[in-house]
Amino acid sequence: MQKVTGELLINKALELLDNGTVNRVLGWKRGEFAYDMTPAVFADAEELKNNFVFNDFCGANFSKYLIAETRKEGKVLVFLKPCDSYSFNQLLTEHRFDREKVYAVGIPCEGMVDISKVKKAAGDGILDIVCENDGLVVKTLYDTDKVIDCKEVLAERCVSCKSRKCVAYDELLGENGDVLDSSRFDEVEKLEKMTEDERYAFWQNELSRCIRCNACRDVCPACTCEKCVFDNPDSGVENKAVSDSFEEKMFHIIRAFHVAGRCTDCGECSRVCPQHIPLHLLNRKFIKDINEFYGDYQAGAEVGSRAPLVNYTVDDLEPSEAVQKGDADNA
Amino acid sequence: MQVKGEYKPLIVAFCCNWCSYAGADLAGNNRLNYPDNVKIIKVPCSCRVNPMFVLRAFQRGADGVILCGCHPGDCHYTSGNYYTRRRMALLFSMLNYLGIEKERTRVEWVSAAEGAKFAATMNEFTEAVAALGENKRLEDLRCKK
Amino acid sequence: MNKETENLRKEIVRISGVNPVKCMRCGKCSATCPAYDEMEYHPHQFVYMVESGDIEPLLNSKSLYQCLTCFACVDRCPRGVEPAKLVEAVRLAAVRKQGANHLKADDIPALLDEDLPQQAIVSAFRKYSK
Amino acid sequence: MQRIGVFVCWCGSNIAGTVDVQAVSEALKNEPGVVFSTNYQYMCSQAGQDIIKNAIKEHKLTGMVVCSCSPRMHEATFRKTAAAAGLNSYMVEIANIREQCSWVHKDMQIGTEKAIILGKAAIAKVNLNAPLVPGESPVTKRALVIGGGIAGIQTALDIAEAGFPVDIVETKPTIGGKMAQLDKTFPTLDCAACILTPKMVDVAQNENIRIFSYSEVTEVKGFVGNFDVKIKKKARYVKEDVCTGCGLCTEKCPQKKVPNEFNLGMDNRRAIYIPFAQAVPKVATIDPNACNMLKNGKCGVCAKVCAAGAIDYKQQDEIIEEKYGAIVAATGFNPISMDKFDEYAYNQSKDVITSLEFERLTNAAGPSAGKLIRPSDGKHPHTIVFVQCVGSRCAACAEKGKEYCSKICCMYTAKHAMLTRDKYPDTEVYVFYIDVRTPGKNFDEFYRRAVEEYGVHYIKGMVGKVAPEGDKLMVQASDLLANKQLHIAADLVVLAAAIEPDKSARPLATMLTASMDTNDFFTEAHPKLRPVESPTAGIFLSGACQGPKDIPETVSQASAAAAKVIGLLCKDKLTGNPCVAHSNELMCNGCSSCERVCPYGAITYIDKEFRMPDRTTRVRRVASVNPAVCQGCGACTVACPSGAMDLNGFASKQIMAEVDAICK
């Protein structure tokens, strides 16, 4: 389904390695299964040619990797999908890496596939998946090959894609898209329309599945603290395991608050959650509230913008009005 | 917390040093009663209150948390309460989104001259929280007696 | 202000989307108005009378139909009050007033004109006779 | 583990009446860290303080809690007591069991229970207290005044009088500012030059004052008491110390067609010029955009006629670096552009002028030598219309006008109207006003004189349109009181243009990390109680850069700012508040969140080298708080995502310990 092919990216990477612009490439390679494309650093042409992949499973956002990568010698090539480019800008705004040490190639993205949806459609025992045109050819243990339309199994974050525009790059492959009029707040609105009790029940159900694996934090391009408060005994909230129902909520509230105004809504947290907790609904609540209370703000849309939580106007909403406004059930 | 069958909620009030703490003092000077379940913690400015403190209070068994600061525009540090206003607007909205009753959280601007407002606010807030009953939705069971 | 006037006032504020309280009484609207001399109530009076709920006289005044809606007052108003929109709102309130038939069925034969399309008469009748 | 002493005060019966003090001191004895607990009738009395001092020594206390009245009453007292006994002042915490307990509760049991909880919270906090020592920093005894108008002049003179050296930086070739352009001043009608120029001479002659004219501030670093400032002295192509100000060059220069900015372009000056006769410093300046010699090397007349040999076509910009203890912003104001006001035909007719232009037209040293004439044809105007509030109090369109009242227009318009009628009784003068605002000493009387004695026609209403017709200006206006629309054929229309802060203020504020309001006026540290200080320590505000002001107000504020500066420069050392923020560099992300919320600009970033576990080093951007500038609000501590930022005296752990103690 992707408009740019892995081959095109490999050629671009080879060219940039060859002419010395960069000395390594951040890209995806095949993991254990056909659908777990894993971030990898490629240092030579051979590796690139053999292992570099780009297909409908390459959801991983590379921006966060640049913090560590730019501390090494030489320049690194990174491929940025539109989502990733927002995170890229946000990290630059926060001075988290040296722009000079990155060569960014913007690539269009047609949306990534959610493997759990594929599994649901194709059944268990997936042996291999081949991405062809607009479809996925799924080979399973039990059945004949199944062809699935990519559009049917798009990840939630891609169905409600906010932007197909790469906002940061040195060079662009293919054509740049537009900021979209997305339906990403629909789910949040649905929750807002519930009663307090229903919302409590909903989140109790979702969050009680949390196993505190920290995957959401570890993948989040906004969670790049030198030392995370949850790992810091001095912070007062240090905690590595869930012991009761409060802990789950506390962890997720604090995490969402920490990235409020900085979260670009890339959706990585929900993608990596092994328990399928819709974590993006927490982040999107903050984004929606921020947009409604303080005017539209898209983190990472431009470098150097002032995040809403480190900003104010003298006639901002009062917290009581805000809560009223954010609670459609009572509005 | 049960006293003679009467339920008394625990209220934690964060008061900024310059306006609201002085407002609470004034309520005392004028002998204006408010419930004893209100316990005040002094902070230099309402903007010192980290959302984590609010959550911590709930975790440890508070039934309601209220922040008091100078009126917008009167902050001793010029802009502190403006940040408080944004932070708490978002935090409280989020708590409500998770199903926490919105009556349990509040921000009120109380100046050093508003002793009466301080007492009235505390009476009103305590009553509202008492009406909800114990805070079961955000509480760390380990910390319960 | 009694309830009825208050409601009418609210209605006009709602239709116009104008907040007359923003007026600082500078009179620049009336100073710009090209139809000033034709009007019984001038733009600044419109604003003030709506603000104070004194709307009845406006509803019955010819001034309503002498405003050219040239928007000069809207353009020049330093407070963004937009007097012409208020005039228009009062005009609409007058036109929409229930029972106040501006055109009666009996009047129509006298108005008939060969050149006038029938449709215009019908629609005018519908519009003005609710 | 701390060794904590608990001292419960009865406050006579104020506390003991509703709180069982004995029970409180008994209960708190068992709290962690407490080694001593007692109660006494009046802890703040000498005897009470002696109990504390003795206990500190006897029990080797490392911290103490006083359960007493509000810390706002006696925290300072008990801190001194502790210090006198050798205990760090900041190891003292107060549990407020009077104002916030005994006085608001009536029941003894309830009061006692609450007092115990408040005491426990204070103990929990002290357990985490650390001794704090206020930092000290030296003070450079020199002040910088930015702007050389009447505000800057007055501030500089007052500081210099007190014996401190002052530098004035002025972008124009001369000091004097807007006041030098004025004719007469309200409400006494003394001539501006007569009262201003002696002050300018005082500035020039004062040994403590240096004037950097034709210069601008390009960089400000440092903090209160210790600013490092770079000043760019622009090349004026004339040696300042050699030029005698004879003015021969300005007569001989062949380039005669340069619009004279001092007269607002109403006449021309030469390429080499002295803005006005009483300029200070009285030194010629070559306008590089107009001078043929500088543009194409063809001329050199000025150098030939200059007997002193002051002309230097090769002069370069010069950067001066200087240290200052205090900086005063006095950047002043300008009338706003009239370009957007098409209805007043400002750009269509030369006879529609602003009030400042009117000032120059009536000034004896102005383009018409003080004769009031129409700029278009030089004829005497018989009908003049003054329009008030042009662009002031304009909330409709931010590009057009300003939402605020410009404050000075009512008075100067009354002055203009009065002076016109006085000098030319045959001229009819109309003033269109929305409100006449004259709150000042002798101001309203002045305005009434214009009406009652001088026959100025004050009309409540606004002008809607000015249309040039033949040699007349047709003014269409409303007379609200008569409920009429007026049509006046005027000869001259004078617009009271709103005033706005000078454009240089915004970049300067950025350099100074001083905050500004939405209108680009500098913000004061407190609108009522600290009106001449910026929230940024060591930065002071003088004159119209803080808000619209007339001359008397400007001068009083200028002197007030000077008093504050003198107060600062008198100190040899600044003692800071130790309850300031500090950043744990190991945890800091360098993300700038804290910097953005800091109202004082106390946070800067440094690149710091860290040793890594594998013996390599890594350079990372980290925040650094200047304790001399930080005021300890704590905004940064919450903005910080990693929790690297914390506040001395109100650390996150301490506050959470209080929360825990209360919620137990």
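All chains are identified by letter, namely A, B, C and D, in their written order; residue positions are counted from 1 within each chain.
The rule is simple: a residue touches a chain if its C-beta (ideal position, glycine included) is under 8 Å from a C-beta of that chain, and two chains touch if they have at least 3 such contacts.
Predicted, not measured: the structure shown is a model, and the values here were computed from it.
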| item | value |
| --- | --- |
| Remotest chain, chain C as reference, centres from CA atoms | A |
| Closest chain to the centre of mass proxy, which here is the mean CA position | D |
| Higher-contact pair (C-beta pairs counted), C-D versus B-D | B-D |
| Separation of chain B from chain C, taking each centre as the mean of its C-alpha atoms, in whole Å | 51 |
| Approximate Å spacing (C-alpha centroids) for the pair chain C, chain D | 49 |
| Computed distance of Cα centres, chain C from chain A, in Å | 55 |
| Gap in Å, rounded to a whole number, between the CA centres of chain D and chain B | 35 |
| Of all residues in chain D, the ones touching two or more other chains | 597, 639, 652, 656 |
| Per-residue multi-chain contacts in chain A, two or more chains | 229, 235-236, 309-311 |
| Residue numbers of chain B (touch at least two other chains) | 51-52, 56, 73, 79, 83, 87 |
| Which pairs of chains touch, using the document's own definition | A-B, A-D, B-D, C-D |
| Residues of chain B that touch chain D when the two form their complex | 10, 12, 21-22, 24-25, 27-29, 31-34, 36, 39-45, 47-53, 56-57, 60-62, 73, 76-80, 83, 87, 119, 143, 145 |
| Touching residues (chain side chain A, partner chain B) in the complex | 188, 191-192, 196-204, 229, 235-237, 243-247, 249-250, 253-254, 256-257, 260, 282, 285-286, 289-290, 293-294, 308-314, 316-327, 330 |
| Chain A-touching residues of chain B, taken from the complex the two chains share | 51-52, 55-56, 58-59, 72-73, 79, 82-83, 85-102, 105-107, 137-142 |
| Complex contact set, residues of chain D against chain A | 586-593, 596-597, 605, 618, 620-621, 639, 641-644, 652-653, 656 |
| Partner chain B, residues of chain D touching it in the complex | 70-72, 96, 98-101, 103-106, 110-111, 113-114, 117-118, 121, 515, 523, 525-527, 535, 579, 597, 599, 631-635, 637-639, 647, 650, 652, 655-656, 658-660, 662-664 |
